[in-house]
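Input: one structure, supplied below.
Each chain gets a letter, A, B, C and D, in the order it is written, and its residues are counted from 1.
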Amino acid sequence: MMGPMPYVILSVLLLVLGLAIVISKRNAIVMLIGVEFILNAAALNLVAFSRHGAGDLSGQTAALFVIVIASAEAVVALAIFLNFYHRIATVDIDRGDQLRG
Amino acid sequence: MLEKAIFLLFAVPTVVAGVAILLSKNIVRMAFWLIAMLIAVGGLYFLMGAYFLGVIQIMVYVGGVAVLLVFGVMLTSRQLAPKLRPGPMETVWLAAVSMALLLGLVLSVAQVRWVQGPIASPNSPAEIGHSVMGDFLGPFELASVLLLVAMLGAAYLARPKVPVQSPEGSKETTI
Amino acid sequence: MNEIERHYRYQGDPLHEGEVPSDIRTEELTLNMGPQHPSTHGVLRVLLQTDGELVLKATPYVGYLHRCAEKMAEQVTYRQFTLYTDRLDYLAAMNNNLGFALAAEKLGAIEVPARAQYLRVIFAELNRIASHLVATGCYGLDMGAFTPFVYCFREREYVLDLFEAACGARLTYSYITIGGVREDLPEGWIGRCREFLDYLEPKITEYNNLLSYNHIFINRTARVGVCPPDLALAYGLTGPCLRGSGVPWDLRKAMPYCRYDEFDFEVPVGRGEQGTVGDSWDRYFVRLLEMIQSVRIIRQALDKLADGPVQAKVPRLVKLPAGEIYYEVENPRGQLGFHLVSEGGTSPYRLKIRGPSFCNLSILPAVARNCLLADIAALLGSLDIVMGEVDR
Amino acid sequence: MLVLERPKVEYRGWSLTIVRLATKWGPWALALLLRFAWVIFFAVLVVLTAFVWIVGRFINPLLPWFLRDIVVVVGLLAFACIVAIIGIWAERKVSARIQSRLGPMRSGAWHGWAQSLADGLKFVQKEDLIPHSADQPLFRLAPYVTLVPAFCAYLAIPFGASWVFRDSDVGLLFVLALLAIEVLGVIMAGWASNSKWSLYGAMRAACQLVSYEIPMGLSLLVGVAAVGSLSLIDLGRAQERGWFSWLIFQDPFLFVAFFTYYIASLASCKRSPFDLPEGESELVAGFHTEYSGFRFVMFFFAEYVAMFAVSALATIIFLGGWNAPVAGWSSPWWFVIKSAFLVWVQMWFRWTLPRIRIDQVMHACVKYLLPLTLLLFLGGSAWQLYDNPAHPAFTVFANIVRAVLGLIGLGLVGLYVFGAGYGYYYRQRLVGSMVRKHLPGA
């Protein structure tokens, strides 16, 4: 029987990878991919603790909310990026430094 | 033993996917690596007995969010795409910061003395439903409002605004 | 925005009239539709400027099937060129034969016997039915319905059987020659023809049930590819495409040839029954209605058929007097014109062919604007082009 | 001196290797196998039994169950393959009969039953072509991503009350999730082909499949709300008291939900009239334009396997699953027959209807199907609130409604049987007088 340790280590790895992706890439959509990594790391942690720690389902329910929020976030972010792309013909977020539309 | 093997079966792809995204230059491949990661995490949920969550992960993430992402990638990936590789100096900094973060987190995690609580019983969707409608009723309602707002926002952002401009002049080409 | 311009706009949804369906304007994509593509009806190449599913501009490029038919005419005798006319619009070879024969006869002042005249009408109308059956079936295929295609080809087989019984060929007949028709009907042919007509009429109702009034089919074709009457006239559309736009112009009525004035028939026009006048559905439906009229004409012609010779006395090597003539007949796809210039020899000095498909195709860039990708197939199918005639 | 050398063609891919080995050793192996078929069968049985007994007795008592799983999985794979093979043949025969043709008649002795086997053999022998500018790894991966989830869906589908690989609490969602993965393969194929037509197909597939997943899931949820379980076994068990206990006749919302589910499942299988992703008159062949040989067969297989899977879901949730119309006669055959009937209706649609345009597909989903299914879900849930012993008056009403719906269903089946029988009896008259009498020269 494995404890929560491997899951937590994996979630740390995912978190660091996600952060590295967000930091290193300038493409907005790839950054969104990095954010998905981070969110999944968090959800994985929650589920692992729910199974091995608390003994109830609150962790799983919280992970469910993570999925819900991630999907909402992805939809809105993509809509924003497509508008962004429409305005300045790129998804390079460094180019989006003007305050006027 | 079997559990460890299955854990590795799912854990290795997630990490590989992350590294591949870091190193890759092709955005569409990145999106497909993300999907691999999502499916593997779903598998981990299955391994932990959270069947409902695993299924929802695959359904919502892979069937919805990831497809949407691929869609967005395809709509925007063109020659004007921004750089996907950091410069050499940035790479060094990135590696240093990531490693530091990783080491710090892993060390702190390793120092924790885990108290093995009772293993949560194999759950049914009904119990999760009770949990959502009981302890988490407030967040649940908030999430529904959030989804509504997100839907409206996305629809607003993607609404038609510009009338059609006649495509590049009205010259009639008669052949 | 004038009237014609408004017609060009995307007309799928009245709520969003005058707008592109989505604001997500991506880069324009140049799409090469053809020369190998299932719905370009042969080797037509259409260059599409698309924005997602929206087609901003469609430019047809022709010439992949060019076989120098007009130049060849200068090297062969008049009788020999009849065989080349078979290859123009290969779905309506009888009508092509007829057009060329009439032009040559007019120039040579050759009198055709009465029986041959009626036979010409019968065969031309039978071929019109066969050609419209192909058009109808292929249009169903373009819309994704496979079954009407097979049904229509089943019926067309009977027409081809009739042709084969009469002249031995199923596609390139060369039956109608200068001075009449090549040979008389075989035994029992008339009975079989009547049997076919009795068989065909209920089938047209079947097509209406299966395809014409199918809700999906109407949604796909009504208000799609609208050619308003003035635009259709301006681009020189003829045949069902022009009549689909509501212009009752049919050479068989307007300038009768081959004793068409003796027959009682109507010229069906598009009335915008399901959408606007001149949409793809109208063009499609006019073809179905014309089949019914053709059946009427054939019935009358079979009644009038009397014994007599089927060939005028024309020498084997036809020599036409010097002069020139332009003669048009009503083909299934429109008006087929032969401009024949003779210097008195055994072969034409110059022959110019006006292919109806070519002129009908010319409206494509004007109509296929701001429509969807699937509408291009709907429009091309309803124009019913035959590349053999476009490229000649 | 110029030496003319045969140009060296490099063939790649596993399928060709398989063909080479099969053509080299296949006849020998087949002959031997057939000669000693019974011996081999019993030997395998004996060895397997002995092995399982030894393993269970001395090594690990859990391992026999593992072996059982392997056997069942192989059996399910075989079933899915047979479904696809029969489905492809049936599609051709059905289309032929609808179009007054005969269809394949030569391969195999009876009505060309071996046609899809022959086709498969032909496809395997074809060159494994990968376009030069295609994205190689993704191009190779895509057919598997399409086919494997469709196969995996069978792991959770019960064929009878005890005929299931794994009964899960979330069996229904599991099947839906696996069917949702399928779209990824399509997108992958479309993008990796590096052809504009393929890309259009992929985009259409992404739009359509993601949109129609929602009405599809919501219609199924009406049934789930009526039973109170996501387990497919429980859903099937709830309907074992004969025709009038089938969920489709339980309340009017379920009755409508069956049809909305069926329409949405057509869209999610990319079947006509929703076959836009591969609509051949618009997009040459859509997402699989560039595929040939065995990779194309995989897409083909995946389509038929998925068709049967969605029909199986409809059968289990709405049409009583493995239960007979008369209580007590339940059998997996009922399940297979009902699902096969729904697959046949899908084929019937395909060979009757034209294709919808992409904007109409989206309008139909967002403007009509989605609100309708939401209303159905609401209504179905409200019905469950009142349809219980606490509201005796409503229960009487509900029973009347059930009886009426059941009779309507009987009427529909009767209409179908009558129509089919009428058509069969008058088959000569319906196709016209000229079919039998051939014209001279024909």
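Remarks
Simple rule for what comes next: contacts are C-beta pairs under 8 Å (C-beta built on N, C-alpha and C of every residue); 3 or more make two chains touch, one makes a residue touch a chain.
Everything numeric here is computed off the predicted structure, so don't read it as measured data.
Taking the mean of all protein C-alpha atoms as the reference point, the chain centroid lying nearest to it belongs to D. Interface comparison, C-D versus A-B: the pair with the greater number of contacting C-beta pairs is A-B.
With centres defined as mean CA coordinates, chain D is found 35 Å away from chain A.
The mean-CA centres of chain B and chain C are about 56 angstrom from one another, to the nearest whole unit. Per-chain Cα centroids separate chain C from chain D by 42 Å.
Put simply, the C-alpha centre of chain A and that of chain B have 6 angstrom between them.
Within chain C, the positions touching two or more other chains are listed as 21, 23-26.
Listed for chain D are residues 203, each touching two or more other chains.
Shown for chain B are the residues in touch with two or more other chains, namely 52, 56, 64, 68, 71, 75-76, 123, 158.
Partner chain C is touched in their complex by these residues of chain D: 95, 98-101, 196, 200, 203-204, 272-273, 275-276, 279-284, 351-360, 363, 432-434, 438-442. Against chain B, in their complex, chain D makes its touches with residues 135, 138, 168-170, 173-174, 176-178, 180-181, 183-184, 187-188, 191, 199, 202-203, 206, 209-210, 213, 228-230. Residues of chain C touching chain D in their complex: 12-13, 21, 29, 31-32, 37-39, 52-53, 140-147, 150-151, 154, 157-158, 161-162, 164-165, 186, 188, 192, 195-196, 199, 203, 210-211, 214, 216-217, 219-220, 372-377.
The residues of chain B lying in touch with chain D in their complex are 26, 28-29, 32, 35, 39, 51-52, 55-56, 58-59, 62-64, 66-68, 70-71, 74, 123-126. Taken together, the chain B residues at the contact with chain A in this complex read 3-4, 7, 11, 14-15, 18-19, 21-22, 27, 30-31, 34, 37-38, 41, 44-45, 48-50, 52-53, 56-57, 60-61, 64-65, 68-69, 71-73, 75-76, 80-86, 90-91, 94, 97-98, 101-102, 105-106, 109, 114-120, 123, 127-128, 131-132, 135-136, 139-140, 143, 146-147, 149-151, 153-154, 157-158.
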